[in-house]
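Just below is one structure, and these are the notes that go with it.
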Amino acid sequence: MTSNPPLPMPYGPPISLELARTIVAAAEREAIKNQWPMAIAIVDSTGHLVLFQRLDQTQLASMEIAIKKAESAVKYRRSTKVFEDMLASGGVGLRALSLPGAIAVEGGLLLVKNDEVIGAIGVSGMRAVDDGQVAEAGVDALRP
Amino acid sequence: MTSNPPLPMPYGPPISLELARTIVAAAEREAIKNQWPMAIAIVDSTGHLVLFQRLDQTQLASMEIAIKKAESAVKYRRSTKVFEDMLASGGVGLRALSLPGAIAVEGGLLLVKNDEVIGAIGVSGMRAVDDGQVAEAGVDALRP
Amino acid sequence: MTSNPPLPMPYGPPISLELARTIVAAAEREAIKNQWPMAIAIVDSTGHLVLFQRLDQTQLASMEIAIKKAESAVKYRRSTKVFEDMLASGGVGLRALSLPGAIAVEGGLLLVKNDEVIGAIGVSGMRAVDDGQVAEAGVDALRP
Amino acid sequence: MTSNPPLPMPYGPPISLELARTIVAAAEREAIKNQWPMAIAIVDSTGHLVLFQRLDQTQLASMEIAIKKAESAVKYRRSTKVFEDMLASGGVGLRALSLPGAIAVEGGLLLVKNDEVIGAIGVSGMRAVDDGQVAEAGVDALRP
């Protein structure tokens, strides 16, 4: 009836603190370049917090959101934008709201190495699209 | 790609109990004038409760809602009506429902002094628009 | 085998906001007289929050504790000092720690009128004995 | 009846990310020198998370504990060792277990500047005394 879904990417070993630092530093540079007060979080491949920082004057909701965006990405093995798009499409897509721990706002991205999930980055503080841009800058630091 | 967002208003020192009393008294007058049984809460600039009261016969859900509306306003540095409007516009606006601690019902307003957030007021008990009217009366007490 | 326990005091109608104000004002006077930064909460006979205030510079844990002391008193129809004394006596008295919502620190007292529970007061901010002294000052305001 | 308690130290402005980094770096050096896998957290003067990191192979409970130790210190304006000592003394000291958010294990210390609380550090991962030693190394970085 339905086509076979693609097999999900496997979970790999947890991201190291050292690598998490490289990613956060890259994301922070992007945030500071834009003068965006933001919280940035990295969780490992099992959803446990590795590294977190927030710039001064970040909105107070963003500490929790940054961490939850990263957790959402790892736990559902997809970016938070996937859930945001589900909501935007309406209808059955609204079911994303009933998934525990799912954040449906851009800014949570998987961190992948050797085709395995090693963790995720979550960014919060400005508009969803800005959060996504800074998270992307973090992910870019993984590329050789 | 997108236009640069406006920088958020900075968080300032916490509102004093004395000033919170002035604001609640003004909001209460508006509620009593309309015979509206309501809960009214003030949190400071970091989301901690300063002052709370409810008139007799307020609906029991409103104690928690009034406090959470005020917290939502401070933590997201915007009135709860902003989230209500996002929902009303549909589509991607529904993502407001996945933001932790965000209340999407009118009645939570920022308290601003010298261009800094010093706290927020949250009101609950009647229709959203009534809650908003009473919160507004509280905010008006801040004006010289 | 065991003697019959005394019947508990019945729950009566909820305390009015007006009466709650009289009680909080009396407690506040005692706190200010001693220069004690404290949070003071009143809940009604069903455990719902009626009135709350905190003096500037109150320790941040005390907002939650003041409310929980008042709730504990109403829900268990006894002062929080009863549980504190249970702990202090050791042995089976430690079971107080396993009771949901029970606070075992002085400062939560029942408010009684016409031999019925109409609510409770909770105070937090200084040492347990100080919290108890201020709560007592609130209760005294109920006496004719 | 009882002697007057000392007035608590006032809460000051929130610690900056920059200063938090200095403190975490000093604590991390102490942890690495001892080869102790640990989580280190800094919260500001109102209990909001500023900075967090954990070394690889830290026990998984310690992420939450480090943050909660720091929160406990700020919210109760005292080190977590104070609650630990209360428990150790037995009797009425056991009431510390009923205080919401109180962690009674060494490793949470206040950060003080100009006689005001600007935040707290929380450390977790090894024995309580080790956690305390690393937190102390962080606090030492505040001294001129």
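In order of appearance the chains are A, B, C and D, and numbering begins at 1 in each one.
The rule is simple: a contact is a pair of C-beta atoms (placed from the backbone, for glycine too) under 8 Å apart; a residue touches a chain by one contact, two chains touch by 3 or more.
Since we're looking at a predicted model, the values are computed, not measured.
Colleague: Higher C-beta contact count, A-D or C-D?
Modeller: More C-beta contacts join the chains of C-D.
Colleague: Taking each chain's centre as the mean of its CA atoms, which one is most distant from chain C?
Modeller: Max centre-to-centre separation from chain C belongs to A.
Colleague: Distance from the CA centroid of chain A to that of chain C, rounded to the nearest Å?
Modeller: Inter-chain centre distance comes to 44 Å.
Colleague: From the mean C-alpha coordinate of chain C to that of chain D, what's the distance rounded to whole Å?
Modeller: 29
Colleague: At which residue positions does chain A touch at least two other chains?
Modeller: 60
Colleague: In graph terms, nodes being chains and edges touches, is this line, ring, star, complete or other?
Modeller: Shape of the chain contacts: other, as it matches none of the listed patterns.
Colleague: So in the complex, which bits of chain B are touching chain A?
Modeller: Chain B reaches chain A through residues 1-2, 4-5, 7-8, 10-11, 46-47, 72, 74-77, 90-92, 94-95, 97-102.
Colleague: Which residues of chain C touch chain B in their complex?
Modeller: 14, 16-17, 48-56, 60, 63
Colleague: Which positions of chain D touch chain B when the two form their complex?
Modeller: Contacts found on chain D: 13-14, 46-48.
Colleague: So in the complex, which bits of chain A are touching chain B?
Modeller: Against chain B, the touching part of chain A is residues 34-35, 37, 57, 59-61, 64-65, 68, 83-84, 87-88, 90, 94, 96-97, 102-105, 126-130.
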